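Please read the structure below before turning to the comments.
As written, the chain order gives the labels A, B, C, D, E and F, with residue 1 at the start of each chain.
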Amino acid sequence: MSGAPSLVPQRTRAKARILLDALPYMREHTGTTIVVKVGGSVMEDPGLLAPFAEDLSLLRMVGIRPVVVHGGGPQISDLSRRLGIEPVFVDGLRVTDASTLEVARMVLAGKVTEELVAGLNAGGVPAVGLSGGDGRLLLARRRADGDGPDLGFVGEIEEVNVALLEHLIDVAVPVIASMAVDRSGQAYNVNADLAAAQVAVALRAHKLLLLTDVPGVLRDGELVPELSPLECRDLVASGGADGGMVPKLEAAVAAVEGGVPRAHVVDGRLPHATILELFTPEGAGTMVAAPVDEPVGEEVAAP
Amino acid sequence: MSGAPSLVPQRTRAKARILLDALPYMREHTGTTIVVKVGGSVMEDPGLLAPFAEDLSLLRMVGIRPVVVHGGGPQISDLSRRLGIEPVFVDGLRVTDASTLEVARMVLAGKVTEELVAGLNAGGVPAVGLSGGDGRLLLARRRADGDGPDLGFVGEIEEVNVALLEHLIDVAVPVIASMAVDRSGQAYNVNADLAAAQVAVALRAHKLLLLTDVPGVLRDGELVPELSPLECRDLVASGGADGGMVPKLEAAVAAVEGGVPRAHVVDGRLPHATILELFTPEGAGTMVAAPVDEPVGEEVAAP
Amino acid sequence: MSGAPSLVPQRTRAKARILLDALPYMREHTGTTIVVKVGGSVMEDPGLLAPFAEDLSLLRMVGIRPVVVHGGGPQISDLSRRLGIEPVFVDGLRVTDASTLEVARMVLAGKVTEELVAGLNAGGVPAVGLSGGDGRLLLARRRADGDGPDLGFVGEIEEVNVALLEHLIDVAVPVIASMAVDRSGQAYNVNADLAAAQVAVALRAHKLLLLTDVPGVLRDGELVPELSPLECRDLVASGGADGGMVPKLEAAVAAVEGGVPRAHVVDGRLPHATILELFTPEGAGTMVAAPVDEPVGEEVAAP
Amino acid sequence: MSGAPSLVPQRTRAKARILLDALPYMREHTGTTIVVKVGGSVMEDPGLLAPFAEDLSLLRMVGIRPVVVHGGGPQISDLSRRLGIEPVFVDGLRVTDASTLEVARMVLAGKVTEELVAGLNAGGVPAVGLSGGDGRLLLARRRADGDGPDLGFVGEIEEVNVALLEHLIDVAVPVIASMAVDRSGQAYNVNADLAAAQVAVALRAHKLLLLTDVPGVLRDGELVPELSPLECRDLVASGGADGGMVPKLEAAVAAVEGGVPRAHVVDGRLPHATILELFTPEGAGTMVAAPVDEPVGEEVAAP
Amino acid sequence: MSGAPSLVPQRTRAKARILLDALPYMREHTGTTIVVKVGGSVMEDPGLLAPFAEDLSLLRMVGIRPVVVHGGGPQISDLSRRLGIEPVFVDGLRVTDASTLEVARMVLAGKVTEELVAGLNAGGVPAVGLSGGDGRLLLARRRADGDGPDLGFVGEIEEVNVALLEHLIDVAVPVIASMAVDRSGQAYNVNADLAAAQVAVALRAHKLLLLTDVPGVLRDGELVPELSPLECRDLVASGGADGGMVPKLEAAVAAVEGGVPRAHVVDGRLPHATILELFTPEGAGTMVAAPVDEPVGEEVAAP
Amino acid sequence: MSGAPSLVPQRTRAKARILLDALPYMREHTGTTIVVKVGGSVMEDPGLLAPFAEDLSLLRMVGIRPVVVHGGGPQISDLSRRLGIEPVFVDGLRVTDASTLEVARMVLAGKVTEELVAGLNAGGVPAVGLSGGDGRLLLARRRADGDGPDLGFVGEIEEVNVALLEHLIDVAVPVIASMAVDRSGQAYNVNADLAAAQVAVALRAHKLLLLTDVPGVLRDGELVPELSPLECRDLVASGGADGGMVPKLEAAVAAVEGGVPRAHVVDGRLPHATILELFTPEGAGTMVAAPVDEPVGEEVAAP
């Protein structure tokens, strides 16, 4: 057939090839859930929201069920300062008194979620914002501080309300702010990376994508393409990971050990990073996956 | 059988009577949607949230589908001032520049909604917060200012996304912040009373309850138990209604003319006002209903 | 808020309180099945049927699935005598020859069921009468008489056709006459209290209410509020229960040992006894429930 | 193939032929509803119940939905007399005072229905007895007596509760006693032939079979195989039909004019009359059908 | 009632009896799957197709789900010869080179299936032709030839795509050609008797009917009415079965040992052989069934 | 964000762009039916089947429901000649006597369908072959020959069994041979282009793709990118279209006039022609579409 005369230019033919090269990846992921965590720093670049909406639209088109989780550290600090409250951190964790908690909630649920949802809907992706209090989506308890200083309303997620999420995923992309509640209704600030990992585990997701503002895990300035959970732990323990990367590595390990087959630390500043990671052989960033001989916590059953 | 000897005290017997007196009202409302608008001023009293949760729980128990809409004027003004922005009103409408819009959105979606949702969930009522941007729930256009001054991002609702609401009502009480969006994703501040009326019309609700901080419509200090839409209009035109009551009367008229059989202006400071209005013959506050001979815009069909 | 001025009288406010005090009980029972056995003697008072219909209507309104079982001893004896057949009892059991069986069937299925169904429907409760022969609802074998005299067509229920009942409960309240059949179609008279217990066990009911014409189990003229199955057996064995109470206690024990959490002997002469038992903290009559450490026959699973 | 050697005897081969000759009739009726009215006089022969059960079983096997309606005149008179009440008839209609009504209800719902249901279930046909009061199945008003004597509790059916019947037909054969109720719950005696016709019309039945104790409509001792509604009316008006046949002809006319394509007066004393009428070309008895050019009241739509 | 006067002739009455005699057999088989294998030699008689369609129509009418499997040996040989390819057999198996495979596929899927489907549809039985390649219905591997000569593209079925069959059976009778495929899409000729047995096992069929051109298994010229699997094996091993009967016996044994309760070798030349086998007590041909004490491979569960 | 440092090469980034450029086309077609007609001459190139399977797999991945229709002229002529039957054509139509009909059926249903189905299944696309006789999928009558010579068993499609197709499309790609039947079961050869058009109209398809062995409609050696139905007719009438193109133009016109928005004549020799036509802005071949002001026969409703 290759010799058949044709009026279709070579350039157009190449497009078909690229589309079809993505087919095996689409087949692999169709019908599964993918959790994407977007960081506050990435979301500050307004030029990245439209391509992100395009990516999620394509995911949904091929039958993938995306879920978005976000934090908003820089924006919280910004509003705090505008209100005269100087942010305080202990070991990288925000000390969250009642005033800071109220600021965090307004920023996360009333600003970042709203902007993400508006951008996705404008890009043709039906999206609905959720905070951890909605239907007790993220149920937490106060984080035990041990011997350290009191961190205030910082929580640890104990349970994810999967039923509500599944109900919503059928009609829209959930955009989840990293605020949690306890049974009495008290709110807590929770780490967004870890919240994303726990949502991924609870939904038996196929992948967790952590969009950051670096190219991935670097060692001596070189991108490390793949790490096992064990290697992640060693890296954290040896201090080989810089401060911002530590919670990402911990979240990736939590996801993989919780049964999510693969977690990826990906450069979210790159437009269409999600599509590149999912649908091209090159992938992007650093992948964390259990090696065949390293036992993981739980089998991921077909939904 | 009234003469039968019994060990059950009279007081207990009376309880059964009160429960059963509510039965005809339950029968009347079961299976229908009731929209309740709670005002920012009412929601500032923390002691009112728990009884409100109890009320909604009972509504749901007898098969009623409640939907909550809220504003948050006082809280918006408060945060604005803390950020150094003095609120400006023209004819009772907030002038909403970009900064004020951001403040309004944070307060409504990130504070008032969150507190309502947390309180309802803590009271055993599954609730999910929604902003007008979620799934383009409240689609608006910028309000035409006519010859008056520019009010900024103040919108008029054009369409309510009924499908998303119906999907959610099946599993939780929607708690809707009076923020809307246009098709490009631009947010708008909208009047909460009118938003509630439009949600009620779109959902073909059986009732609209407007919870306020007065006993109802007063005339010469006396509560007016019932008004027709025409009488509401006359009252507004004649200046007989005070400033805060005008949008409530307009919302009630919009609801009734849009096919909602009855709208009620009720004293939200009274604990369990919702139950009293719905399940007792006395009712509460002022009812607006189309008189039999006054045509309304649309028939409300059985769902 | 308690200090807020209000035009709603205190009396009306108290109503809301009583309604909401019932809410925890409604939550406890919603979605479950409650079997109510009404005795022939109670049903002879025409003034009790309308309040009973009201009670069932409220039960259904809050999502409870009531099932009614009835006997009709006095009415059977009455028609027998009118036809010249003198009723004969041995140890409290009716000797049921072919003629008596025909009389019993006519009275139970053709008179008591009909009256109950008509009364419930007139009270707005959709009801459908069922006899044990309908779809082989109550499948029985002839009761072994041991060394005693021949009791004739008195049966013991072996199987309850749950599928037919579940199918009907979706649309109406089943009103079941205590007549059973064997596989050949031969009818048998069965004890109504025990039939109700077996229906309750088969439907995995949440409660069995036995409406009688006494205030409950009495000891020295005092109402005994609660008994364990063991205590019931002792009471029967020791002769401490009077004749009419014995089958009730046996039925309560059979229900509880079959997995029904609680059985109640309640004064059916008291209007709204069902509501009082279910929705008030005082309850009514005598409750039979397995103590925590007394093993019951079967776990009651959620339906 | 007719010449192929075979070890199968001719007699066996003929059976296949007869089975397959019935196939076109099965195809014609499968999926449709057939209402069969059985008379009290027929049901007095215990030898006819087992073959009738066999017939209904075959109907259900080929996808037909049978519904049974019955009266019980002789049995009512019999019990009346045993209770010392002499039956009184005016123009063939039973004068039904309160005592007679109670007798009729006991006989119809408590004896004839019970026996039919037991016989059908014993024959492997799941059956459930229904009285007109069940779910207000047959809603009636008191028959206007005009200038004639007071007939007492004799009713005319105004409405048939089709929803309940359809719900039941899915799981069992409804066996309906010709007792009706009004909205207040008052019972009425109704003519069983006419009740069957109205049930057939309400269910959009394909056929109404009236099983009688004569071979069909006779004219000069000869069976009339077919009549139009007009001819039926003429026959009744001219006095050409004997007393027992008049209500049958009226019921057949009511059914056909109400949209039932065909009504048949069939000899119920003949075992398997139902099968013969439905599945053989010979049919049985007298058919009443609208001639092509005689307009009928309503089109019968496929269900 | 037998003495009742009737105008219905005895001959007609006998028809009802024969119909009802079939009822127990209908009850036994309704809701089950019956696999019928029709041989190429039988299908060459055009007079047999219409009665076969009638049979399947009756089966479907009483709720049986028939599936047809066919071969076409004589027709394959015929077309081969017309194309100049002389058929070669080794031990009764067709040597299938690429040309013969193409001929076999055209004959089976393009001629025999087409004729069967056309005949069934013309007889009112909705039918759809399927080849083993359709949805990988019959997945095979190349038959290991052992030391013998190369048989070419002759396959052994490894898996039957039950999901596709079940989906189709709901709307039509599947007519399956005995062609299979492997995972690469390579076609294979498979034995039709064995294919039918494997389809029957995979569908948990109630019966396998093998329609042949002899009266059944003969011993000394006498029809053997029943054989156990063990007896079948002995018969094959002892050479007591003639060449054509060997694969039928092997298929019957495979079906019964795979959990199909009964397999029958029936004379397909006899019109309505299927009906006679299924619905008359005489049956037809030879039945193979596991004796009570001979364990079979698998329990047949109710569908 | 374009200035962000990234380790992802430009080449990889371009892939994301091409994937996302296809998104608007996917959105346009998702949920719709696309009918693809593949010609016998195209299907003779074995190298084209695997890319065609890839194309259909991608279509299904993005929610499109493809249906394949095929002819097989060259292959029919080939087998005819091998069997000693010289093909005869009148005005481009094959004279189809009984022998030729049998050959055509074997080739279409037993060879071409089988090969297409095997190739699609091997490429991961579940496919099921259908002939017009399956469930009377293509119901035809004999083509009226007018004054011309007798063409034999050449038919015109009168009706397409949409229900069967819809049932199958849910689980597999239907591959339809252009053979039809009449109600008596007689087979007819039908034109494959026209059959595809009629299937497209019956299924309310979004597009009809006619894969040919030329680049499209040519005028003076130049590809004509778009034609209205009127221009197609003129082209045929003026003799401006060569012989092979006439039935394609007629089919395109029939489809568009029957309500299919667009029909395309595409070069099937080009691998992935289907993807290029559907998912790139360049498209491929010649499009036939109703101009806005040219009325079409029927509105295409959303399914």
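Things worth noting here:
The rule is short, and it goes like this: a residue touches a chain if its C-beta (ideal position, glycine included) is under 8 Å from a C-beta of that chain, and two chains touch if they have at least 3 such contacts.
Keep in mind that this is a model prediction, so the values were computed, not measured.
Path length between chain B and chain D in the chain contact graph, taken as the least number of steps between touching chains: 2.
Under the touch definition stated at the top, chain A and chain E share these contacting partners: F.
Chain B and chain F have centres, each the mean of its CA atoms, that are 57 Å apart. Spacing of chain E relative to chain F, judged by their CA centroids, is 36 angstrom. Listed for chain F are no residues, as none touches two or more other chains.
In terms of inter-chain touching, the protein chains here make up one closed cycle, each touching precisely two others.
Ring order of the chains (start chain A, then chain F) is A, F, E, D, C, B.
Across the interface of their complex, chain A is touched by residues 1-2, 4-9, 12-13, 15-23, 26-27, 30, 45, 47-48, 51, 54-55, 57-58, 61-63, 124, 213, 215-216, 223, 267, 269-273, 275-276, 279-280, 282, 284 of chain F.
Those residues of chain C that touch chain D in the shared complex are 79, 82-83, 102, 105-111, 113-114, 117-119, 121-122, 126-131, 133-136, 163-164, 167-168, 170-172, 179, 181, 183-187.
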